[in-house]
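Chain IDs A, B and C follow the sequence of writing; residue 1 opens each chain.
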């Protein structure tokens, strides 16, 4: 059973899941780094992105690549709006208050979708080019799989460069250390925070589109569990740390896929329990994660 | 005379419950039973989230423990032989009375809370919240996969409908009474001190960790009672009955009612019981294209929670109890007295 | 340049500033001295917009800045160099400086000021690509002041620049403040080191539990017996 081609396929799956988790985890970690907020509504940005992509695909007037690009802008706008109206008024409130609010926002999005779009999972019909299979390095994979990994890598590299070299990127890094002092630099932190939310929501949108492409279905609650798992990934890598989120995402992807692939079937059903047990272990033994040490004082 | 007031209240409640049991039809009985269960859930969660300052997202997990334990223990042996053939013989043979099964569920929930709480309560704030959420997921997955014990996704059905209004309100009174006594006692003041300023509390000799653990375990115990009552009301349970949705709704009750007020939790529970009932009709009435507007009641709940967080974060009652509010109203014409800080004044029911 | 009228600032229920009024004229160095907890840092925070006063007015160059957002106050030319350095540890020296200048639109002016900062603090030029967290206390203070300069200040609010620094470094920092005055920067200096502050400043205010107790030319205050007893070691 454990043939080289089985192993190869599992590695591809792990890379796919890892890429998706990494994209979502990055968004979570960026927002957490600046606001110390665990955005429970983040996973739902995936869902919204997927639905928008579906709408684009089923309207024949637009080319297929628009199904990737349009959701990014739509969801980024949604993210900015949520920040403006639900989170900004609560800046300075106890951290639990933001947590509760993000729970409420998440429920609002999920049930709003349920109400207007029904719980019926909708199938996603990918354009033919993506469902073809090709041979890469001797392994036979679907084009979609390759797209996921490549796209994720491109986005992650792009984001790293952005954060490292652009003025807003530097401002974001400064904010994640100390928002007050960043204000004293003459930086409009509201704009920086809005940008951070836009970026993180945009990445989640891409993740959602890729997820729906890989699994072929969209439903109102699809983002909930991946959102939670992305949080696990971010914690494993070190919350607040972008490189950590990427690392955590891939580690989680591999851990999850290999757990299912190599455990006997009675145990493999416990996959999600395994993931959250991992979370508990990390939180208790090394809460700053693998790459983190991110408890800078926020004067 | 004043000392007997609480007992009179309790007798009144039980008497009304008994009458309702006999007089009202099934639908109203059910709503009232759900109300009692919701009160238990809200008041228990408030103990950790509101009074002790530890935001837990774990109620669904402990409810599940209570539900499944009492379900397995009360099912008659013949039913178990068919439905749960793989149970170990000592479980398969017995069929315990409802109160005993409920109490055993409490014991199990308490043990789990203790064992889990020891490591997990080292975390604070949102890390704790996520850890308890993780616990919920783990428990759900276990319930789904441990077929021999729980029948997995099919769940256990055909449970004897033990829950009547007397049990429901009896347990509710016990819960409210016990938690009230805890909260308005030196232990409760210690909890609140920990919530406000852990370092200061520790300097004053409060055993911070023990206090928090106590709150966590107690909360779990009463939550499991709610689970047992629920199981024998609905007579069928599946792992998805104890989902995040449930946790979210209990959190909503506590937040909307007021995180430091027992009366607030009761109010929140009442609101969250009646609201879905009212909105259910709206959901069907507003059916779009033949499909009822499922999710409407949840959307309303979410918006209520947002409204509370944005405009009145202390909830409906804040940290006051119903006694304070009545007193405040009655003192309208007197010059305003300074309100005693929470926990300092002696509380009477 | 700066006029503060009857400022009241609260931390929750604590009345931190009780109706203080002060003035800073263009080109001056004004010192604000007082013991710990007197409200000196609170005053600067209220001026820069980090804290909102409950009542009172703050005028900067005839403009009412009392309720403006922090970043707008900075762009008007009031720059607050906070106490305790608070440099961005995980950004490089150059990035710290770049960030502070980012809101200015004229590149030439930014470049000029960057050169000036490296002139005043050669050690920063040497360490320009190092993480700010690896600098010593004195170097971080220099970076903090350099950052403030990069924002193009007309009025510089300096909070306890000498705190925790060795005397030699304190000297060099005070020399820099003198140089800044010659560059045309007006300075409001909060200092625990009352002696050095009074030596450097033109005028001074003494703050005690939220109120201005005495104020006047620095020379006079240095000779004032009460001030000497309380802050200058008799």
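Quick note on the criterion: a residue touches a chain if its C-beta (ideal position, glycine included) is under 8 Å from a C-beta of that chain, and two chains touch if they have at least 3 such contacts.
This is a predicted model, so every value here is computed, not measured.
Engineer: Which chain is most remote from subunit B in terms of Cα centres?
Structural biologist: Here the answer is chain C, farthest from subunit B.
Engineer: Can you identify the chain nearest the overall CA centroid, using each chain's own CA centroid?
Structural biologist: That would be chain A.
Engineer: Using the average of all C-alpha atoms in each chain as its centre, how far is it in Å between subunit A and subunit C?
Structural biologist: 42
Engineer: Let me have the rounded angstrom distance from the C-alpha centre of subunit B over to the C-alpha centre of subunit C, please.
Structural biologist: 54
Engineer: Taking each chain's centre as the mean position of its Cα atoms, how many Å separate subunit A from subunit B?
Structural biologist: Centres of subunit A and subunit B (C-alpha means) sit 33 Å apart.
Engineer: Please output the residues of subunit B touching subunit A within their complex, sorted ascending.
Structural biologist: Those in contact with subunit A are residues 55, 119-120, 122-123, 125-127, 129-131, 133-135, 137-138, 141-142, 144-145, 244, 248, 251-252, 255, 291, 293-296, 298-299, 301-303, 305-306, 309-310, 313.
Engineer: Which residues of subunit A touch subunit B in their complex?
Structural biologist: Answer in residue numbers: 38, 86, 89-90, 93, 95-97, 99-101, 103-105, 107-108, 110-115, 118-119, 220, 224, 228, 231-232, 235, 266, 269-273, 276-277, 279-280, 283-284, 287.
Engineer: Hey, which residues of subunit A end up touching subunit C in the complex?
Structural biologist: Interface residues on the subunit A side: 167, 170-171, 173-174, 177-178, 180-189, 296, 299.
Engineer: Quick one: in the complex, what on subunit C touches subunit A?
Structural biologist: Per the stated touch rule, the residues are 48-50, 69-71, 74-75, 79-82, 84, 86, 88-91, 95, 98-100, 102-104, 147, 151.
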